[in-house]
Structures are given as structure tokens and as C-alpha cells.
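The chains carry the letters A, B, C, D, E and F, assigned in the order they are written, with residues numbered from 1 in each.
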Amino acid sequence: MQQQLSEALTIMLTGMITVFVFLILLLVAMALLRRFIGTEDRQPEPSTRPVSRAQNQQQNAQRVAAITAAVHTYRREHE
Amino acid sequence: MQQQLSEALTIMLTGMITVFVFLILLLVAMALLRRFIGTEDRQPEPSTRPVSRAQNQQQNAQRVAAITAAVHTYRREHE
Amino acid sequence: MQQQLSEALTIMLTGMITVFVFLILLLVAMALLRRFIGTEDRQPEPSTRPVSRAQNQQQNAQRVAAITAAVHTYRREHE
Amino acid sequence: MDRLITLWNSTALSAFTWGEATMMLVGALLLYLAIKKKFEPLLLLPIGFGAILANIPMAGFTEPGGLLYYIYAVGIDTGVFPLIIFMGVGAMTDFGPLLANPRTLLLGAAAQFGIFATLFGAIALNGLPGFNFSMQDAGAIAIIGGADGPTAIFLASKLSPDLLGAIAVAAYSYMALVPIIQPPIMRLLTSKAERSIKMEQLRQVGRREKILFPLAVLFLTLLFLPAATPLVGMFCLGNLMREAGVVERLSKTAQNELINIVTIFLGLAVGSKLSAGEFLSLQTLGILALGAVAFSIGTASGVLMAKLMAKFSKTPINPLIGAAGVSAVPMAARVVNKVGLEANQSNFLLMHAMGPNVAGVLGSAVAAGILLALVG
Amino acid sequence: MDRLITLWNSTALSAFTWGEATMMLVGALLLYLAIKKKFEPLLLLPIGFGAILANIPMAGFTEPGGLLYYIYAVGIDTGVFPLIIFMGVGAMTDFGPLLANPRTLLLGAAAQFGIFATLFGAIALNGLPGFNFSMQDAGAIAIIGGADGPTAIFLASKLSPDLLGAIAVAAYSYMALVPIIQPPIMRLLTSKAERSIKMEQLRQVGRREKILFPLAVLFLTLLFLPAATPLVGMFCLGNLMREAGVVERLSKTAQNELINIVTIFLGLAVGSKLSAGEFLSLQTLGILALGAVAFSIGTASGVLMAKLMAKFSKTPINPLIGAAGVSAVPMAARVVNKVGLEANQSNFLLMHAMGPNVAGVLGSAVAAGILLALVG
Amino acid sequence: MDRLITLWNSTALSAFTWGEATMMLVGALLLYLAIKKKFEPLLLLPIGFGAILANIPMAGFTEPGGLLYYIYAVGIDTGVFPLIIFMGVGAMTDFGPLLANPRTLLLGAAAQFGIFATLFGAIALNGLPGFNFSMQDAGAIAIIGGADGPTAIFLASKLSPDLLGAIAVAAYSYMALVPIIQPPIMRLLTSKAERSIKMEQLRQVGRREKILFPLAVLFLTLLFLPAATPLVGMFCLGNLMREAGVVERLSKTAQNELINIVTIFLGLAVGSKLSAGEFLSLQTLGILALGAVAFSIGTASGVLMAKLMAKFSKTPINPLIGAAGVSAVPMAARVVNKVGLEANQSNFLLMHAMGPNVAGVLGSAVAAGILLALVG
């Protein structure tokens, strides 16, 4: 029991140190990465991820159809 | 053959009785269930199952875009 | 080596002949097929594959909603 | 030249047997029925295609290492594919009409007489020369009368895998033939006045009732018919996912992509059991005949039960809706609606028939469990 | 009559044991929590249903040939299902907030103290009579503190499959309880002034940075923690598919249909491990207690680490965001936002908390790798 | 301290070999080509990622129990994954342009000379020191000339699994390089006048013709080339589902979710075959060189065949369309269109090139069957 406890303690310490070391390494890697990428990529990312083209076209088609129909309907009702 | 036939007959009767007993039990269970749930759940279910929010928002966005565009187009054509 | 090469050569020739024979057979089959189908199927295929009904209805509903709303908005803004 | 001979020997032309050629024609016939006649195409197209592939000499589709061998081993031998499909069917099923009129459960029970009468019929057929169905075979054949594809495949794969091909083909074919098989029987057993009966509008069913129903079904099944729990359990899981309202994305996937993927492979695997040795026999003719009988008896029992119930009911019951108890969702309910409209142009029975229709699905899953327990 | 007896003997009524009945109630409780309380329903609904199915006497779901047996063997024994889910989670994760403020990685690190302290606690519990956790058991239990479902299932299936059911249930339950467990701890450790601190707006993160990040994570992992590469690797693959922008269709499928399909089966398989013999024991109570401790310690460590960082930081840091380091994406970040708003009605911390939140996912995957390496 | 050493020994730093490090760079290069250069990213991204995972020392991805081991065993060893992808490709293929101008089948046949010439070339390469390709190896390498990914993977997994990684990488890389490899050859073999030739508009093709075509292909294949039926059969099944019009939901799933899921796993499994021992050898250079030769010969044969056909044809034939016979759908057809537009700004060859392009897919599946029959 005593021995198990001390083993658990060692694992706890080793584990926490390793987690921190690892994530600090990642932090350093990210800093290097950002420096490496430099200024060439500083423009803000487009706010929305581009929708797939097909979907886009479909939506456009629907929109155009809706507009056309709306205007058409309106005219018919107001002539 | 004779024995097989009588066995089949037994299975037929047992089977049909069991099916009926089982579904009648279910009928009773449903009645109990309805009584147990009581009046608290008597309001009619909303006629359509709610669409996922994301989908809804997308449709709204499309609709608004279509409306805006339609009105815009109409105005441009009538000014 | 010499033997391998001649074997490869044989495979090359056999292979190409078989590919051609096979695809020519297919060509013949297609010609027979077309004759067999005859004139009963000569009308052009509808340009677009029918969309599933549910999808269609949904689109229609959206379109109608968009039109209604557009016209409604327009009227409200012009009264 | 040697190479050309190697290649020629590797063509199927020499190796073809009459049996294989005939089975390919059977496969082609199934494709024709699926594509041209729109007979349950989602299953019959892959089944037909699988039948063709399985009978190509020297292609080895059904031998260890072959594609159909793997699909069959993974999906049918284990029973996993029909169960996944049944889960998807559960997620597509709305028990609302049944909950609004629970008595229609009895119609779903009565129609299962088609199953058990056919079991007796199959054994009786052993009296004729050339037939030698075991009790397991008879049970597997009888389930055709359940008019439910995945249930039939599941039970046949457990009781009588050799007959699986013929049974699945018969089940799906007759389900597609429901609009032809049922109406004459329905008209024979009812008067025009009966067929014209209008039923009261169904009450609204609350959300909580719909959530608790699949759980109640599961509960009764696990208490009284554990052998039916694989089928009924997966069906109830699908239905619970549908009605719970909190796992919309799982329910959608179960109803669409997952069931579609499994349907393709299930069809191919079932088709792979259409081999000459097992299909081209007198037994298959017997199975087809028994299947037709099963559907007819099921339809008749449902209608007669509905007539009986109408006698004791305070509210009007149109006996036609009993025919929907065979399941074959939603075809049988549509047939009821159509026959009802013929008798009375303003009589819309569709929703009233949906109750017995989904009750029939439960009924045949229960019947399958009973058969597994009694002869499995 | 014999048949009736056969049938009666085949009902579950005689065979039921108290253990099975109790486990079914546990399953029903999970369904209730999932459906009514909306506790992580995507997992707890199938887990609860699986628990019910697995405990039906004589139905054989978990015996060789049974459905849950196959699902468990294919998906959990092999570790494939949690890894596929982790890939999907990766494809759903936006590392933007973390990349905009990389220091929050430290918060994701600190919160893992919940894991390692719990490992110590589990061993300490062995001092009480009735507990006898091995080091493997302790590691598997500790991962509950990681507040990440697939990581917990993956690790438990490797270290201590017998405890898998209880661990998964505890992990998902506590994740659902995050809005109840965390706020008191957060309030206890911070002053109202601290909770009111507003943080600077996050910078925009470029596309290239987002693409290179998962690769950098993978690179460091494979160098220093190969044991963590299955989890971290699949997570990074998902994230790379998301950010690469050239495999949109794969990324969409990984985020939707694929993860949905696997979630259904993963839940059923986990539920199948909820058997009376393993779940109805004092150990389970210990696991539940330890899990609650793990969450609390993780939350506290995160908050304290954030307070420490705030001392040395030029820009203001609200210590609340440390609580999001336990992962439980995105619930923990939402809790941070809510508690922040209570203190200052115009203080929106959501995006600031997303950084430590996704860092916590990485952190617990890394911790799982460490545990695999040390006690696996 | 002991624990720290355990942990350090469990890092990969000590265990790394040069071979593994180099293979990771190869994986990274594939990711670069996929993401930055958009080289067939749907396959090369998972292949590259799989290559990295497979070469992590001590992570055991490709050993029994590892993720990639399972995926490879389930999907590639059995041949199931490429066949499912081929079914999806079939469901995405429109044979309309080919049916409108069936003579272009001959172009799809001619371009397969790239395959068979390469087989000869691979054996000839054995004359150089360091090369020792068996006839099976040669056949597997030659199929790169088919410019069809799933066909190449299927055949290589049957004939020469050790070379699978290199062959798949070469096949997809060259398919991505089609716009660079083909145009010079096309310009070399044609005059500007020839490239300017306009072709007559294609006739409309009826629905029934489109349904019967995959069945006719299947029928001829099963008669004359049973060894090609797995590939051709699944392709035809996909196409039949597409054209039948009655199984829209199966066809959609085969074209989208199913093919996406399988593509992810297929790519990972192929990548797992990129191990140092097998890839870092002179043979791989030979395979890459032979692949380039194969594509070039295929392109040239197609163009020359088209020139020959133009001599005997009543209607004008632009010889460029022969280049599309190598398959690489739809890239090769687009290249034809582009080169045609360069010569004549109003010359749109895209639809005319789609005929030989899909004929090339059939042609290489047929060629794969021939190779299986002759050297398998």
C-alpha cells in the first residue's frame, strides 16, 4: 500500500511535469511557426468558410428563381 | 408426417395465442401509460418536428437575401 | 531474363488484343442494343435528373415564403 | 498462343453451367422487376445484381476471399445488417396513428395468422413428393407472411440460411405485389356499405406518449419474449432516437446514410444466396406458392378481425383497415385508402390504416421471436 | 401444452436476477437523464439503451453471436470507434482562439492535474476496505478528469476494460453536470473584481497557421509521446482535413455521417459493459466519487493557473477562463461565459475560453498517452 | 527518476531510424502536394498522413492491434475498399457522351497500350543491376498506366502488396500531373490544323440505353473476362443505381457518404504501406520512372489511334480526344479541352473527350482483369 502510494505520487508528478513540458514545447513551436510564416499570411481569414461550389450555385439558382417570381407576381398584381 | 403436422398445428395455435396475448398486454400497458401521463401532456404536439437550428438559420438567411435582392431588383427596374 | 522478356512481350500482345477485342465486342453490343431499343426511346432525356420530391417541396415552400415575404415587405415600404 | 489459350480457358464460356445461366436470368428478371416495374427497387435491384455476380463461374464472388463472401459473413451470418435496417425503419416509423387508436394493435395481431397458417401449410406440403421442409424451414418460409423484409431476412438467416435467397425474394416480391394481391380479397370479404364507413378523426398524440411507447414495447418484449429482443430492441432504439428529440442527428443518420449503406450490402449478400443448387428446385416453387397464400391469409384475417371488432365497437370501424395489419408499410395502408376511396369518394382511410400497418410490423417481429423460441 | 411450457420457460420472467433488473433500472435512469435532462444525449441515450439490452436474460446480446458482442469486438476491443470519433471531433474543432492566444495552452495543461491527482486518490482509496484498484484501474478512472468522452473510453478499453462501463458513464454524466459542478468552485477561488476583468479582442489567425498547427502537434507527439499518437494523430488528421480546405467532402463526412454512425454503435457497446457483476459494486461508487473530485480539482487547478498567469501577464487575463481547461467542449467555455456575465454584464468571455477549452482536449489526450506509457 | 527514464525510453527520439524519418518526410511531401499543390488531395492527404503515422517508432500503428493494421486487413487485404470506391465512381459516371459516340471506345482501348508496354518495360528494367521485378510486380506497376486509382490499388493488393504504397503514390501523383505530362505529347503528335478540328454535336442518349449499357458491359465481362468482374461488376452496379432512377437514395449515398468514408480509410491504409524497407529502394525510383513512361505511352497511343480513326471516319475527329483515353477522369478531358482551345478559341472538346475518358476507365478495369488472369 505504502509502495503503491509512492508509485502513484511519482506518476502524478512525472505526469504533470510531462504535460507541462509538452505543452510548453508546443507553445515554443507555435511561436517559431508564427515567426516562420512571417507577415505573408497576416491578412485576416475570410469570415466564413467557403461553401462548396455546387451548393452555392444551387442557392443562387433558388434565389434568382425567388426574385424573378416575386417581381413577376408583384407586377401581375399591380398592373 | 402425422406427428409433424400435429406439431405444426400446436405451434400455430401457441403462436397465434402468444401474439394476441402479447399485443393485448401492450394494449393494456398503453392504456395504463395514458392514464399515468394524465392530462399534463394533452396539448397537441406541434404539427411539424422542429428543424435543426443551423438549417433554420440558413434558410432564414437565404430567404432574407432573396427578399432583399427581389425588392432591390424591383426598385432598380422601376425607378 | 530472355525468357522473361519474351513472356512479357506475349502478355503485352495478348493483353492489347484482348482489350481491343473486348471493347469492339462492346461496340457491337451497343450497336445491337440501339437497334433493338429502336425508335421508341428517341426523345431526348429531360435535361436535369428529377430532384427528390421532398427536396423539391422544401425548395418550393422556401421560394413561396420568400416571394410572399418580398412582396409583403415591398408593399409595406411603399404604402 | 499459350497465353491466348490461358486467357480463353479463363473465360467463363466453357465453364458455364445451365444452372448458373438460369440463375443469371433470375437475377436479370429481378432487375427488370425493380427498374421497370418498380417492385421494391431499393432491395430487389441489389439482390438481382448480387444474384448475377454470385453465379459468374470462376469469378469466386461467394468463395472465401470473394466480395460477396465477406459481405455475407459480416452482415448476414451475424444478423447485424437486418438489425441495423430495422433500427432505421424504427427511426422512420411514426406510431402516432397507432397510439391514437390502440385497438388497431389487434388487427396487427390477427394478420399474423398468415404466418402461422403458412407454417402449417409448409409442413402439410411435405405430403407431396419432392417436398421435405424441416420445422425450421417451415418457420423461415412462414415469416414471408409477415410482409416485412428485414424480419424475414433475419429469421431466415437464423433458421434456414439455405432458403434465405428464395425467402427474401418472395417476401419483397409479394410486398411489391400488395396492390394486386390484397384488393380482391378485401372486396370479397366486405360489402360496399362496410367499405364506405367513415372513421372518426384521430386524436392528437402527445410527445411523452410517443417517447414512452417504444420503451413499453421493449419492456414487454424483454419480459415475455426475450428471443424477439434483437429485432424489437433495435426497432425500438430507432424509434426512441426519433421521438426523443435530443439526438436528431443520430436519428437522421439512421434513417438515411446508415440504412442506405447497409441496404446496398444487404441486397448484394441476399442475392449471393441465389445459387442454382438451392434456388432451382421444386422447393422454391413451394416457397413462392406458400408466400402468396401467406399474404392472402394475413389479409383475410386482418379484415375479418376488423369486422369482428366493428361489431363490438362504439365508434365506427371500416373493416378494410384490417388488411393493413400485414405490415408492408406504407403500401398496404395506401391500398386500403385506395379501395376505400373506390367505395366512397370522400373516405380517406390512410391515417386510420397506418395504425394497423405499424402494428403489423411489431406483430411480425413478435411472431419472429416466437418462431425463434419454438423452433430455433 | 408442452409448447406453452416451452414458451413460458423461454420468457425472461423466471430467469431474471436482481442484478439484471437493477442494471436495467440504471439503463432507464440513463435514458431519463439523456432525454429529459438532456445530459449528453448523443452518448447517454445509446449507452442507456445498450445497458438495457445487455441485461436481458437469455437474449444473449453480449455473448458470442450476439449483436453487442460483435459491436464491442469490432469497435472497442480494437480501439477503432473512439479513434474515429476523435477524428470527427478534430474535424469539428476550430483552433483559432487557441492560436490567437497560445498562452492558454498552459491552462489546458494545468487542468490535467485533475487527472493525476485522481490517480493518486484512487490508489489512496485502496486504504478503505472494499477497494482494490490496480494502478491500471487507477489510471483509467483518473482519465474521467480529462472530461473527454472518447479519450476516456479509449484509455479505459486499454487499461481496464472491466471498468469501462462505469468510467464512461461517469465521464459523460459529469460532463453534463459541468454547469453545476464548476461555478461554485470558480466563485470560491476568484473575487468579483477578477471575474469582471475584460480581455483584449483576439487577433485574426491566418489559414496557414491553422493548417500547420495540427501537423506541429502531431510532430511533437510522435517525437516525445508515441503512446499518445493514436488519439492525437486521429484528432490532428480530422483537424487537418478541416483546415486544409481541399478535402471539404471528407471533412464534412467525418463531422457528420461517420461520427453519427460510430456514435450509435459506440454507445451501444459501452452500454453492453454495464453488467451487474461489474457495475453493482462498491468500486462504482468509488469511481463516481473520484470522478466528481477529478472534475473539481481540474477546475480549481485551471483557475489557479490562470490567476498565476495573470500576475505575470502584460495584458489582462480573467482567471475564470482557466476553468475551461478541463475540456468538456463547448460546455465549460459556456459556463465561463455565464459566470463572467454574472459579474459584469458586458463581459463576453466565450471566445477567450475556447482557447483553454480546446487546449484541454489536447492536454487530456497527452495525459492519456502518458498514462498508457507509464502504467499501460 | 525511474519514471522519468521510463518515460524518456518511451519517447521516439532514441528509437528513430533514418528510414522512418525519411518516410515521414515523404509523408509530409505528400501532404504538401495535396494541400498546397492540390494534387488529388482526397487520396494524397490521407495517404500522406497514413505514411507519417505508420512510421512512428513504437506507436505500433501497423502491428497487430494497431489502427492501420486493422484498416488494412479489413479493407485492402480483402479488396473491399477499392471495390466500394469503384462502385461510387460508377455512380458518378455519366456514360452519355460515350453512348453518343461509341467509336470512342477504341480510344479507351488504345490508351491501355500504356499499361502493357510498361509491363514489358518493367521486365526489361530487370536488365539493370538492382532491379528484380517478378511478372506479378511488373503487372502491378504497369497498371499505373491505367490512370485509375482504385483499379491500381485493387490490382496491386492482389499481385504485389509490397509495392502497393509506391504504386498508389505514383498513380495518384501522375494523375495529378496529367495537365503537365500530356500537353507536350499531344502537341508533338498533332498539327495545329488537326488540333483545331471541330467535332459534330453529340446526339441525345435515351434513358433506356443508359440503363442497359452497364448491364451489357457486365454481361460481356462475365462471359469473356470473369477475372475482371469484381472491378467491372461493382462499377456497373454503381452506374446502374445511378441510371435506374428508382434507387436515387442508394445512388446518392454511394456517391457521397459511403465513398467519402471509404476514401479516408483507404488512404490511411495505403499510406501504411509506405514503410522505409519497401519504399526507400531503387525499385521505387524504377516504379516512378515506369509510371511516367506509362502515362506518356498511353497518351501517345490514344492520340495516334484517334488520328487513325480520323482517316477512316466520315465525320471529323479531333485527334486530341484520344489523349483522354488514359482515364484520369475528368482531368484528362479538361486537358484535351484546354489544348483544343489553344489551337482554336471556339473549339470546345470537353464533352467529346468525356467519351474516351470514361472508356478509359472501362479499358483499364478490363486490362486489370486480363493481368489478373494472365499473371495473377
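Quick note on the criterion: contacts are C-beta pairs under 8 Å (C-beta built on N, C-alpha and C of every residue); 3 or more make two chains touch, one makes a residue touch a chain.
Protein names from UniProt, one per chain: A, B, C = Probable oxaloacetate decarboxylase gamma chain; D, E, F = Oxaloacetate decarboxylase beta chain.
As the structure is a computational prediction, the values presented were derived from the model and not from experiment.
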item: Maximum centroid distance from subunit B, chain identifier (CA atoms); value: F
item: Centroid comparison with subunit C (C-alpha atoms), farthest chain; value: E
item: Geometric centre distance via CA averages, subunit E-subunit D, whole Å; value: 41
item: Subunit A and subunit C, separation of their C-alpha mean positions in angstrom; value: 36
item: Centre-of-Cα separation between subunit F and subunit C, whole angstrom; value: 21
item: Junction residues of subunit E - those touching two or more other chains; value: 3, 7, 224-225, 245, 249, 257, 370, 374
item: Set of subunit C residues in contact with two or more other chains; value: 11, 14, 18, 62, 66-67, 70, 74
item: Contacting residues of subunit D [partner subunit E, same complex]; value: 78-80, 83, 87, 211, 215, 218, 222-227, 229-230, 233-234, 237, 240-241, 244-247, 249-250, 252-254, 257-258, 370, 373-374
item: Footprint of subunit C on subunit F - complex, ascending; value: 96, 99, 102-103, 105-106, 108-110, 112-113, 115-117, 119-120, 122-124, 126-127, 135, 138-139, 204-210, 212-213, 216-217, 219-220, 224-225, 245, 248-249, 359, 362-363, 366-367, 370-371, 374-375
item: Residue numbers on subunit B that touch subunit D, as the complex places them; value: 1, 4-5, 7-9, 11-12, 14-16, 18-20, 22-27, 29-31, 33-34, 37, 41-45, 49-50, 52
item: Touch list for subunit E against partner subunit D, complex; value: 3, 6-7, 10-13, 24, 28, 31, 34-35, 38, 41-42, 45-46, 49, 52-53, 56-59, 61, 65-67, 70, 256-257, 260-261, 263-264, 268
